[in-house]
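Before I ask anything, here is the structure I am working with.
A, B, C and D are the chain letters, set down in written order, and residue numbers restart from 1 in every chain.
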């Protein structure tokens, strides 16, 4: 297959996926297409609960919502063979290519989920102009995960076409629910990277300029996403105010004090109460309140410190107003530093690629979070190496913006750098052994 | 017309209205039926903006919502002649009966609006059993205003049937939007009680037992209903937290301090932040927050004190976080004490009625609010007399409960006591002059 | 003894006591003089722990402070015989006069403590002009308790002079620490009113005009005085902020939420955080905080409700910041309503007295507190009658003001009204039996 | 003079100063001794307001306190000639040595103030054992500034003894009130470093181990120290709570929200409300509150951001409760990075010194603050070079601890390294020119 054909495939995949964005744990049509494509290429597949420990899925939508989306997917799927496998919302896929020859196990992670954003309808917005704007109200691939999936499929295609040049085993991991850092942990807990020697996650954009490449991004903050509910007791605010147990007051007090959590001398922290919903009527003492909170720390330990303070504050605030409360962990990621040796290999591959004008061995993008770190930490804990690389691109607007768009020129170089890293890692390991 | 026939009419009106509850400023079908019925009886009618000053309507739904309800009403109206008059949501009616004979002007107020409550579907719930349960999702006559309208129409009928026995002028005021104390002020400002010598508002239930009557309820608190909005600035909570101007924090701080407003040595107060909605996403510094607040005071002056504190607190909280803010008055009522002389007349009428076992000259039901007080105060200011009476009944469940229901036996006695008060007032005035 | 002589005694006592004010549980010189005077008159005395249960003294100063005051008293006492009895700060006295004749037991309460106020030094301030201004820095009889003691001693003198006219038993109770409502409960718990049929407490002033009298003041709020301490952990605020457990934040959160305690539909409440002291240095995370709080309620039950909310709030706030905390009850009073029959007797005595121009059977002074209510409730519980009466006077300035002063003309009438009430009660009981 | 004699002088100076600690702007005895010593050595002196702009003194004690301390100093001074010059609390000294030969102007800064700490009385505490423990109640040199002064005087002695070896001009700056970062700015504003080419500040200890040296410490946070006062209105909390304007509530709200100030993506911040004092009595609505606040930022710009948030919060909190407020800047320091070239010279001098086992070119001690940064920034702004060096020592306990003590062995090496840096800088400049 020529490079031109591959480019054409990459664009076609990406645009189709862009048209039908699906959010975390609902990537049914998406996963179904991914699975069908990889099967056709000859990969051996593991799906759903086989690659996801259901006890570690965080912030998974309710069964009712999942069932409802399944109905939609049935009507919109183009390759229904696999759809049934993802019915319950366990949409992860691990596709394995065993060369049959001795060699390292190399894994790549691609995330698949979209966002709850309504895509811009401006005529000059490229997806609109080219007719592949989201067909779905209030959903959009505004972070480039459509591109990631295309890169993953492109890499699969290059692997099959060049299978004689490779040793060892290659695993392609397609992960649900990266947004809100909800999906990775369940795949790690299902042991999908237990046997992995090298792990590479890739992201497009994130501010890295077009034709630039970062071999190891180490700035991810550990983070926890918490849904906090207070349950008090309602009462008529005029007639019997003393009979109420005020959940709004408990939540407001908690919110204020959560922001007041002490800074940490060990590194940066963040904390946010992004949403608060409380009460049921103007003249009723509020009996219910919900806070959507996130904590972040430069390290997992610092994030853990902030999270523990949140827990103490919520317990105390509930006690104040004799409320019951619930803290639900709906997302979490840790911090992790890329392995230098692996990063250097990717750095070399990038520098050698004609499209890349500038490659950086390491960078430290601040204050964002990623649950690829779970895979990385696990691989490193088992003695392997892991890194998180970024292929720069031209962005029409920032990530999570309704005018977000990438430059599709970046897709093929991404595929080729990843592919070349396999060759380099094979070579390194044949030398070593 | 026999008493039996009147009872049958009362029940029929009440049940029909119960089936089609309409909330404040949307009483289009309701008002249309009222107007048609009164016209047929020979009353002269004033409608809509003629009896409502649009500058003093509080908490009126948006034009879009009103238009949407009008479409619904067109499909559900049984007497479309008047519907068009109420299209814009000015649904007040003043029906006048001038006897042509010298005498006092006596006004009665009946409120017409329902609540945003989903009526209970239990088989034993009387309206369900009898087939007149609300046809409308999430709307219900759960405070007895359907009964009030029926009483008003019944009184109109008795007046026309006994017109020879009466002197002076009788005005029947049908008021929109009593719930949330939003509608009365606009009718007062449109001068509908400017010429009134005696004013009587009536309510059913409110805890007064079956076959009991209260001639003057004086416990209403003055109240203000405020929608408070904070406008800050959003920013990514991880990447650029310092660029945000946090509206949630401003609102939480305001809420806490609003509850902390000092008690008043002059009398009881109440304050409630019934609802808070803030933020747009977990990882975004919240740029918007809404508080639904109400203040109450044993007197209008005390309520004014509390309201001023709320205003200062909101201004300060906004300043803290460099937010813009808006305080919108969406409802207000004053306190008022009934006129003793008029109360005594009603008290006598009640005691003389065979159905009533116990009548009270005065009572002081605490901590509720009513905008009938605006009419009362205005009439008293002009030298007239005013009172607020209550006809007891058997309640299936408390007001604003989804199982609320009255005993329909109370309807006719209410009509007759009001009718008799007209005769007594005529007599009194003929003696005087 | 002539009325002139009695007046001269009253003034002499009052002025001497005024010169040497002593605050709660430190009334050593005061009690010593009272005891010596009453002994000389022939009363039988019970002192100190015999009339005060030490487990129920609230807000008693530390032993060290008490010892220090004792040293002062030794140097300033004029009748050192009794001083030793009050060394430990149990300064209560019950003086009993048993007529030996059958009849009711009638008790009178007089409070003895001064305030931490520095008396005004203005030349026109009457005590200054007349040379009896407080000799003690920052202490002053600014509430009239010096007058109360004088009235008590005057009453004792009239009793001895008129012993043949009386039946039954008379008890004169001299109570420490009424300010801060700290001393009465310990006397009640020591059973000093267990055998009492009639109990009368008297106060001077309180806004009642000169030559007026109130036979039963029923407006006292129940109240609790709480010292609340938070114990956290200090840490350098720049170097290790996360190691601190912030007591100032816990206390500030508690303070805010204490003010936000819900109003009560059953009656008026008050709550105040009168003082807050927290922290030990600008750059140290505060490890200590003290709140001085008081709650009040129109009834004891309502006050109890507010107090329980305070406790829940403090527990919650401490939990938030992993603080230890302590809530110390340093004063408390209940609400109580005077007995009508007894009030009527006093009312009659007052009306009959030539000095009194106006007497009121009942009044409802709002929102102050008094621990005489403990005596009253106990007497009523045992089937007796109790009331709280007020002798009006001309005030130079309000109570607790540094220019406070009374008109000494009111002293003798107070004594005589109380004395006459004994005669009336004797008469009533002889009729009855 | 032999090294032994110099050591003996250093120890004698240090111990004498240790015995008579004086806090910021009260270093009268201290400065008087310093001036007398330097004069004797032949330095030309500038004192008091000549080297301090009174408009930029921050957190200076009141005139009354200063006068009182002057009285103390008069009784405790051993060289009263200069005492009068420091009477008003402007205790800064600049001592200049002009070699008469062309060459750079090199300045050294030594801070002189002690702390409000009561020195430990344990027998094993070295100053106690050796008889030079603080003679002054609650004051102590617990940060080593006594050592700094001794080093400065020692350096002066070495300069005079080796005057033939040096070129250019040397300025010794003795600064008041480094604690609380209050004194440096006023000296900078008085232009004392306007003509300086090289500036070196030195500190002892700070965790740097014995026999170690840091040539450039760059971790100082910018900081602002703020005294914030709220003025409300008192009222009786039971009788007229609504008449109060609650300063405690304003301050508690401000404190809570100050801690809640958003983190900054540009770098670390700190914020602390170290003390709060509010109210005047349990039953009085608090009319006064004081907050002692400090902000810090990794850069001056970030600190400025935090400070501005504090200002907005305080304004808002005051508005909430209709309080007046005042924000007083009582200390401030900026952030600054040492000049590499100058640091390298000190680094070389340290490495060459036999006593030093380890020298570091740069370190980044986190989250402390120093107002030497004002001198540094000013010198750099004028094209000069500046650095902040640290001579390690053995600490008996941490800085600001009541058992703090240094190892006096470190004194002489500090003097010699500084002296050698003069020679090196002379050499460098003679080469250059």
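One rule holds in what follows: a residue touches a chain if its C-beta (ideal position, glycine included) is under 8 Å from a C-beta of that chain, and two chains touch if they have at least 3 such contacts.
What you are looking at is a predicted structure, and each value in this text was computed from that prediction instead of being measured.
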Between B-C and B-D, the pair with more C-beta contacts: B-D
Taking each chain's centre as the mean of its CA atoms, which one is most distant from chain C? A
Distance between chain centroids, defined by C-alpha means - chain A, chain B (Å): 53
Using the average of all C-alpha atoms in each chain as its centre, how far is it in Å between chain B and chain D? 69
Distance from chain C to chain B - Cα centre to Cα centre, in angstrom: 50
Where in chain B do residues touch two or more of the other chains? 239, 241, 246, 249, 253, 256-257, 259-260, 262-263, 265, 270, 285, 366-367
Over in the complex, which chain B residues touch chain C? Could you list them? 256-257, 259-260, 262-263, 265, 268-271, 366-367
Which of the residues in chain A end up touching chain C in this complex? 239-242, 244, 246, 249, 253, 256-257, 260, 262-266, 285, 305, 312-313, 315-322
Chain D-touching residues of chain C, taken from the complex the two chains share: 180, 221, 223, 225, 236-239, 241, 246, 248-249, 251-253, 255-256, 259, 270, 272-286, 289, 292-294, 296, 366-369
